[in-house]
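Look at the two complexes coming up: chain A is in both, with chain B in one and chain C in the other.
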Partner chain A sequence: MRKIGAARIGIGGPVGSGKTALVERLIPALHKRGVDLAVITNDLVTHEDAERLRRTNLLAPERILAVEAGACPHTVIREDPTLNMEAADSLDRDFPDLDLILIESGGDNLASTFSLDLVDYWLFVIDVAGGDDIPRKRGPGVIQSDLLVINKVDLAPYVGVTLAPMIREASAARAGRPVLCTNCRANEGIDAVADALCAAVLYQAA
Partner chain B sequence: MDQPIVIEAIMGSQTDPTLAERLHDISHHGVVEVLFVEPADLPRRRFHSHTDRGTACFVSLPRATQLFDGAVLHLENDRAIILRVGQQNWLRLRPSDDGAMELGYLAGNLHWKVRFEEGCLMVALDRPVEEYRARLVDLQSAGKVSVVE
Partner chain C sequence: MNDLSGLLTALQFGDGQFPGGGFAFSWGLESLIADGQITRTGFGGFLAGQMRHRWAKCDRVIIAHAHAAAGDLSRLLALDDLADAWATVETMRAGSRRAGLALLGTHLRLGTPGAQPLKNAIDGGKAQGHLPVVQGVVLAGIGLDGPSALAVSAYGMAQSFCTAAIRLGLISHLDAQRSLADVRPDLARIIAEPMPDTDDIQSFTPLADIAAMRHMDQTQRLFSN
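Presenting the complex of A and B:
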């Protein structure tokens, strides 16, 4: 198959919901599936998440790029995604066999969405500790994302959340579009996310 | 397992004279299949889908390429695949004389896709209409906007 550049997947969600933790878990899961991978992180004014990913040694450091989002993390993934597009283009140039680029947005609020000019598919990561009423609040990120990930399910008993109704409400708010649960701390639920990403944007037998 | 048909380029529009002729021929001795895409998904360039005849397709277009209604995606001797965009529904809103600015502000703030038509604001419905109506309740009850449909 002719190469036309890697597929691009956005990972958005509120501050601290576990976006970088999910990326750290997805890298080995995607490698296991034979996916040639690179990552772009967005932080406000630092390269914190990129540095953290480099320290894990999961990926060669030159496969991890940082974009500084400035004051408005959603602007660089929606209104003007040029910086992220340029970063992704440069990864495509440097790694001609690249299959997939994960783009982690800076932590934002429930309204952040990705432009389809930037990504082919995007997921939104919320966490159980943020409260089980988050799906009911119907933020655009929760509603419009291609995949909703509810992370930190291990914390449910400590924050008084019952998972089943939270998942039900999330599915209802999303009119049945996919919702997956993860515990990034214990590496649970990651394979289902990796499978969903591959099925959505990579070539594979139907 | 069926291998999906890989679509990496748009051959042209079904209205291009030469393509129109090919499609006409194929429709006689073969089949012209339709790949439906929702208006909200039209900016996508890489996705899996099925035609109306159940043929699996993997669309994987260059980033500079843009899908459009009537795009010819695939041509072979007895089969063609063309793209059809599902109907875009609109909500027609008429602001009162002192409501136009507030309605404009609301639509911009919510990132609604809009068009202007004969003094009305047309909102493209990418999600269920109730979600849009719910945001209009306050302006409506203040008499600043009416939903024309």
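Presenting the complex of A and C:
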């Protein structure tokens, strides 16, 4: 329906799983691929994540917008994504060459999913410290996302998680759709995520 | 539109679930609570005050005039200017524009008559897209008569205060329903009153206005205003 503008990618996942950390890593990885980029954060309680991203100086501050969710992180990405759509439209207007807009959802639970009127593609970020049983719980976020990212793999030994079975169960729950592992702290696995995003929405060779 | 079809239309567009971004605005309530200026038992009085002293005397008048002028773009631009001038508090003005644009965005995608010309004017820098103007235009566009459009707007405003108050932990779900029922006769009476001229617009909700001004500096901001 909308005029051709930047592709829109949603990033959802439980509180603290590493969504902002992933965005911080993806920005340089996508820049390296020549992608013109902007970010919208749906901070739940403050503008913390937007301000944190601005402080990194990875992107010009006017390319980072915060949208308040009125304590409803689900609603603002699914039942009523109009405020996010307006924010994305305004980025399209202000930056005509924009290729991609990343929309970080406020930390939520396993049932959160993105409206396909809002995004073209969305990923769901969980982390090993949340427990290796998360994939088995088959939340709609885990099952329906286009890409599942298991983050903080560096913490696996400390929280008693063996990665291989966790990945296997995640893939099984998702009927084989993609699962990628990252360690945002050490910048590991980020290129694979960036390639997956580019291949999915920018028709760019991975 | 026959009565039942009109009622069903009003229910669809007056539904708190209608995607217009309204859930992200508290219109000063979040700061009032943070500042300890309102209690659970005081919520009903607050709601009645907001509806009587702001919605009835300001929003209602702009909505009604925009509804009547839905096809007259130059008149709508003047009303939009007026709405801008009357929104003296920055967070309220920004909220009115953002909520107006969000509501208009949904109606554009739904193809509601009147939405596109207003959007073109906004994109061309000729209007801001304030909520009462957008409401008047789109509620006329979907075929509601004036009083029904006002009822949809009044109910939308009142229920949006109630759900914000619930999410902010001020009142319970039953308090909300009681407050809505209590304010209903008032709203019905106000909607039936003769419509003032735009020169007679007024608004007096000082406590909420000051709270809204303080919103930018609050440490917790779940809501946009």
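Keep in mind that, in the parts below, the second predicted complex is superposed on the first by the 200 of 206 C-alpha atoms of A that agree within 3 Å, B and C clash if a C-alpha of one lies under 4 Å from a C-alpha of the other, contacts with A are read in each partner's own complex, and residues count from 1 in each chain.
Here, a residue touches a chain if its C-beta (ideal position, glycine included) is under 8 Å from a C-beta of that chain, and two chains touch if they have at least 3 such contacts.
None of these values were measured; they are calculated from a predicted model.
When the two complexes are overlaid on chain A, chain B and chain C sit side by side with no clash.
In the superposition on chain A, A:E68 makes contact with chain C only, while chain B stays out of contact range.
In the superposition on chain A, A:A192 makes contact with neither chain B nor chain C. Of the two partner chains, neither chain B nor chain C is touched by A:A129. Using the contact criterion defined above for the overlaid structures, shared-chain residue A:A175 touches chain B, although it does not reach chain C. By the touch criterion stated above, A:D80 is placed in contact with chain C alone, chain B being left untouched.
Note on the composite model: angle chain B-chain A-chain C, taken at the C-alpha centres, equals 80°, rounded to the nearest 10. Touch criterion not met for A:L163: it reaches neither chain B nor chain C. In the superposed pair of complexes, A:A200 makes contact with chain B only, with no contact to chain C. With chain A fitted onto itself, chain B and chain C come no nearer than 6 Å, counting C-alpha atoms only.
Common to the chain B and chain C contact sets on chain A are residues 1, 117.
By the touch criterion given at the top, residues 1-4, 6, 8, 41, 43-48, 50, 56, 58, 60-63, 111, 127-128, 131 of chain B touch chain A in their complex. By the touch rule above, chain A contacts chain B in their complex via residues 1-2, 4-5, 7, 78, 113, 115-117, 120-121, 138, 140, 143-144, 175, 199-201, 203, 205-206. Contact residues on chain C toward chain A in their complex (touch as defined above): 17-21, 23-26, 98, 101-103, 105-106, 109, 123, 164, 167-168, 219-224.
Those residues of chain A that touch chain C in the shared complex are 1, 44-47, 67-72, 75-76, 79-83, 85-86, 89, 93, 117.
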